[in-house]
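We call the chains A, B, C and D, going by the order they appear; numbering starts again at 1 in every chain.
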């Protein structure tokens, strides 16, 4: 089962959470895995909490039900911590990738945390405080489940319709997220 | 194919099972013969559909389809879209009764117009659900007796007014919407020809008396429809892009009683105690329509007397002529 | 080429490859992504079709009715309330024997209003005269849609491809999209003789009476029955050309030596297969049967597959209120007809988006198997799963 | 693929067995809805009231229809079929045809006589000739006595059918009463002469100044001819009984008969009249006389025993028989009319007549229908007059022909036998005599169909289908009393074209297409030149009959 990973992404409507999930699934697909991405089903409302899910597997993914025991959680907005049970079902030793300058002091038991100022990084490269691709870079670096090369290719594919500038800006953002994490010492509490 | 008549196509030919003296059969025969067999006809459920396509026998001599009651305009939209996709420009015609137009079919009709389909929608308005045995529709005029608006101790027939559907059509700002009736063939012809010369959604409301439901002698279908116009109760109008552009002037206004008397559906107004008020109400409705559309003073060369004119050797027939009569556009 | 695509997008691409000339639809969750994508294709000039924004699903169905009757291949999609609003027209399309193809993005039916997936909508129109094909995955949705046009046009019967809303429509997964040339090689240009054409006028949809109405219905029913063989044959042809099968009428999993068979339809079959794998590792002689074609009901094929089973558990996401499981009832009738008295359990679940995880399915399996030891009645009563397992981990902190 | 092929085979097999999904166009015609009908329409030409009233039975609707299409010559031929004197009759006929014209219920009657005159004048101006009906010459010879309207009409019909016709007349010129008794202001002699000339040009032998019993004997006539038509007219005045001193040897210079007066006027004799003249009589001759008197400069009073027009219209017996239009013209010319009065005696002053005493009368006719007025005593009145002209009727002069009327092979006609002494009646009787003679000579029984036709009134018509159009009139001369010039002028070309279109075509289809347009069952089939009802499909609703403008369609029960 080591080649089967489930990831849950949290964000708010408009932050590109579902898009990030699709991008992650695409990345895994580029790396030769089977993958699946889907949103938390429901109507889409801007600003409301959003969840999306990704499955990555060596074998064909048949199931189409939701996932309840993620291996990693990506949190795009610390504000969500106040109201949502963001860590529910996270497997022991699971990874949390958090868009924040530092880990919240009072949270997390036996999890791995990666905190990085993804919005600022995103703003610097993309011109808008978009954390999603930065966080994917961090997740790739923090887990090794997918390669940076595949992530860059997926971004190129996924965003090609938006033009080279956008693609390049996102690739820069992903790279910075990836490098930031690789250079940081992982926090294991 | 039946080719008995050399002077028209009989798009709706003989052997159909309409009641004797059916105004709708007459109207449909006129309209479809004016348009001809080189068109696709979509029919809503209703008398016309039932009597013309009975049990393996069809009175239609043009491509014709019936689906369900409410959806004629939508089926036509699909037909028109298919023709467009295939690069054809065969005319597409919808035929529906007042139920299929004013009531159950209104939504599909509105959608068809809003989307701008190149379709002529013809409503044969006989002012009630005749197919099911004369129940009231939203087209049924005020004070009319139907099986679901019966006069009684507490009622004088239908309480509500006839829905002003032509105004609803006009509010879509559609290219062409007009009212007509069987009594004025030259006017009907001019309107059909005009409608057929315009692209986009078009609407024609043809008042079509029903001897069964209106309870008049079967020979009086034309006479009664003429009186509907002459009294001002059914104004003949043309509206283009939402603006009134033509009316049939009344050569003289006839009292509504002349129209109501031959019709059993108004009989209770002449025998009941409260009938007088309703008669005055109907007269007031006629007066108001005449005033609203300027039917007595409109500056037109065409009027109810001239449009009736019988001429030696026919009134234009079914062959299209660009110089034929038609509603003059009022000032 | 295998791509990771959202289910809606994948079927929209499949629709595009089938070259419909008219697309008409009215938006309803969770069908929207399909038609949005098609609208964009038309806007981009990638699909040479008339895209008609209907004023209702009733209108949309009517529009494709008219378009097909005029000789144009057409497409529509809807779900739930929209499908029910179409119902009158669905019967009409089938009665007119028009080869319309549509996707039903399966969704629950209100009240209470619910946008999530179950099969209540399409199951409610099972008698309308449409072929109904339920797909397990997005790949199958793509393949089935292409086959659907072929089936519809050969049989002169309308086909409804049923794909679970959200669970498939909104899920990104790898899908192999065939090329245009491949699809063209499988699906010939639209051909339909009974069309509205002034050069060959005909009356379509005339009134009928007692002396022939029944014959029309019988002919329709026979065509449906006969289509079973066509569906199988066209899947075989598809497999030959594309190297993939959709299983035709149904598809078994781990049926070798299976004493207990879990039968279901649609996307839940993924979880069923996972559950079967788990149960097999636990030593249970269990297999799964995915019913792809619910209409026409493939009684013979089912009997063939199930004749060796000692117990059948039918898991379905719809209920005939006051009746129970629909597939179970029909299957039971078919088995009875064949003299097979295998116990058959009807389990209803997954309504309104309630998740059917492999764990839930294993639980159902175990409960039903345990129950058997105590039961003498071969025809088990229906059960409605209300809350078989905790719906997910609660928050930590 | 085998399964698909198998399916297709099954599909085909089943579709062959199952009812068809598509229905054949026009297949409904297999169902004959005509079986529903309890009544059926019939196309039936009616007899329009104009033709019905016309003494000459002209097909007025027929020739007006042609005129409305400006087929002038065809219209003239159609008219002449029954009346070869359109220019003449258009002027002098009292157009009984116009009073029942259904058009008066819409606006006003069609000006038939003006149209007739227009066509007649056009024919004269264009030099149109009559045409023979049959090229086969018949061996029989027919003699006609009297070259008046009846004799000429009969001759016209017979000669066109190939018979040898010889007309005998005692006068020096043909025309009979038309020439002798119609004043010039109503009928210029040249018009009459032209029309007679065209009739004679068909090959009629005319022997003038030939009086039977004098220049030719009855026996000679009987021997030389196979048939004989006597149309000798009424050339002598009916005797009156007012003379207290009967004159010897005919007329007295203060008492004349109307016919004498008009004949001498028409011979061009100079007449000197007293200042005041009384005319006795209520007929057209009386009015003609009075109007001529006015033109000769005298004052005139007409004493008429009947009521004025319109007062007793339900009882025409008491209404003045003279034509209303003539009376109106006369009044316009200041002719004084005294109604319901009769002459009791002539008042003389020596040899001279000073006037007449009149009295009011009650009954005009007695129980036997004879003219027999009853006077009211005490209503006497003196009317001063130097001349009294009795215009109380004429009689035939049978002198020399006494035996003929009773003989075989002899027909009578014209004023001689008609109660109504109208020129048109004479023309009509000439036609009927000709038809009877021709039948007789062929050994057939004569058949007149006119009276079997059903009649039509405005109630059976739909007048709203006709637009209102004012009647066109010929202009009236302003200096009418200045001599004997024609008073009424003909219609202008434009007016004639418009007037012809005013004909409602009562009871006669004019192909307006109403029945064809309005048939809900497409059971009226249009053919070249008419319609045909397909009774296989006609449900008998009656709309075609109801909406036929001219009442050409009748509904009859299905038997």
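Just so we're on the same page, a contact is a pair of C-beta atoms (placed from the backbone, for glycine too) under 8 Å apart; a residue touches a chain by one contact, two chains touch by 3 or more.
Just so you know, these numbers come straight off a predicted model, no measurement behind them.
Q: Measuring between Cα centroids, which chain is at the maximum distance from subunit A?
A: D
Q: Per the definition at the top, count C-beta pairs in contact and tell me whether B-C or A-C has more.
A: Counting C-beta pairs in contact, B-C comes out ahead.
Q: In whole angstrom, how far does the Cα centroid of subunit B sit from the Cα centroid of subunit C?
A: 44
Q: Roughly how far is subunit A from subunit C, going centre to centre by Cα mean, in whole Å?
A: 34
Q: Centre to centre, by mean C-alpha position, how many angstrom separate subunit A and subunit D?
A: Measuring from centre to centre gives 112 Å for this pair.
Q: CA centre of subunit C versus CA centre of subunit D: separation in Å?
A: Whole-Å distance between the two chain centres: 90.
Q: Where in subunit D do residues touch two or more other chains at once?
A: Residues 19, 23-25.
Q: Which residue numbers or ranges of subunit B touch two or more of the other chains?
A: In subunit B, the residues touching two or more other chains are 53-54, 56-58, 60-62.
Q: What positions in subunit C touch 2 or more of the other chains?
A: Subunit C, residues with two or more chain partners: 96, 201-204, 206, 208, 212.
Q: Of all residues in subunit B, which touch subunit D in the complex?
A: 1-2, 4-8, 10, 12-18, 20-23, 25-26, 29-30, 52-54, 56-62, 182, 185, 211, 217-223, 226, 305-306, 308-315, 317
Q: Report the residues of subunit A in contact with subunit C in the complex, numbered from low to high.
A: Result: residues 21-22, 25-26, 29, 34-39, 41-43, 61-66, 68-69, 84-90, 106-109 of subunit A touch subunit C.
Q: Where on subunit D is subunit C touching in the complex?
A: Going by the criterion above, the answer is residues 1-4, 6-8, 10-11, 14-15, 17-19, 21-25.
Q: Taking the complex as given, what residues does subunit C use to touch subunit D?
A: Those residues of subunit C that touch subunit D are 96-97, 154-156, 194, 201-204, 206, 208, 212, 215-216, 218-219, 222-223, 226-227, 229-230, 232-234, 237.
Q: Quick check: in the complex, which residue numbers of subunit B touch subunit C?
A: Counting only subunit B, the residues touching subunit C are 37-40, 42-43, 49-50, 53-58, 60-68, 70-71, 74-86, 90, 107-108, 110-111, 114-115.
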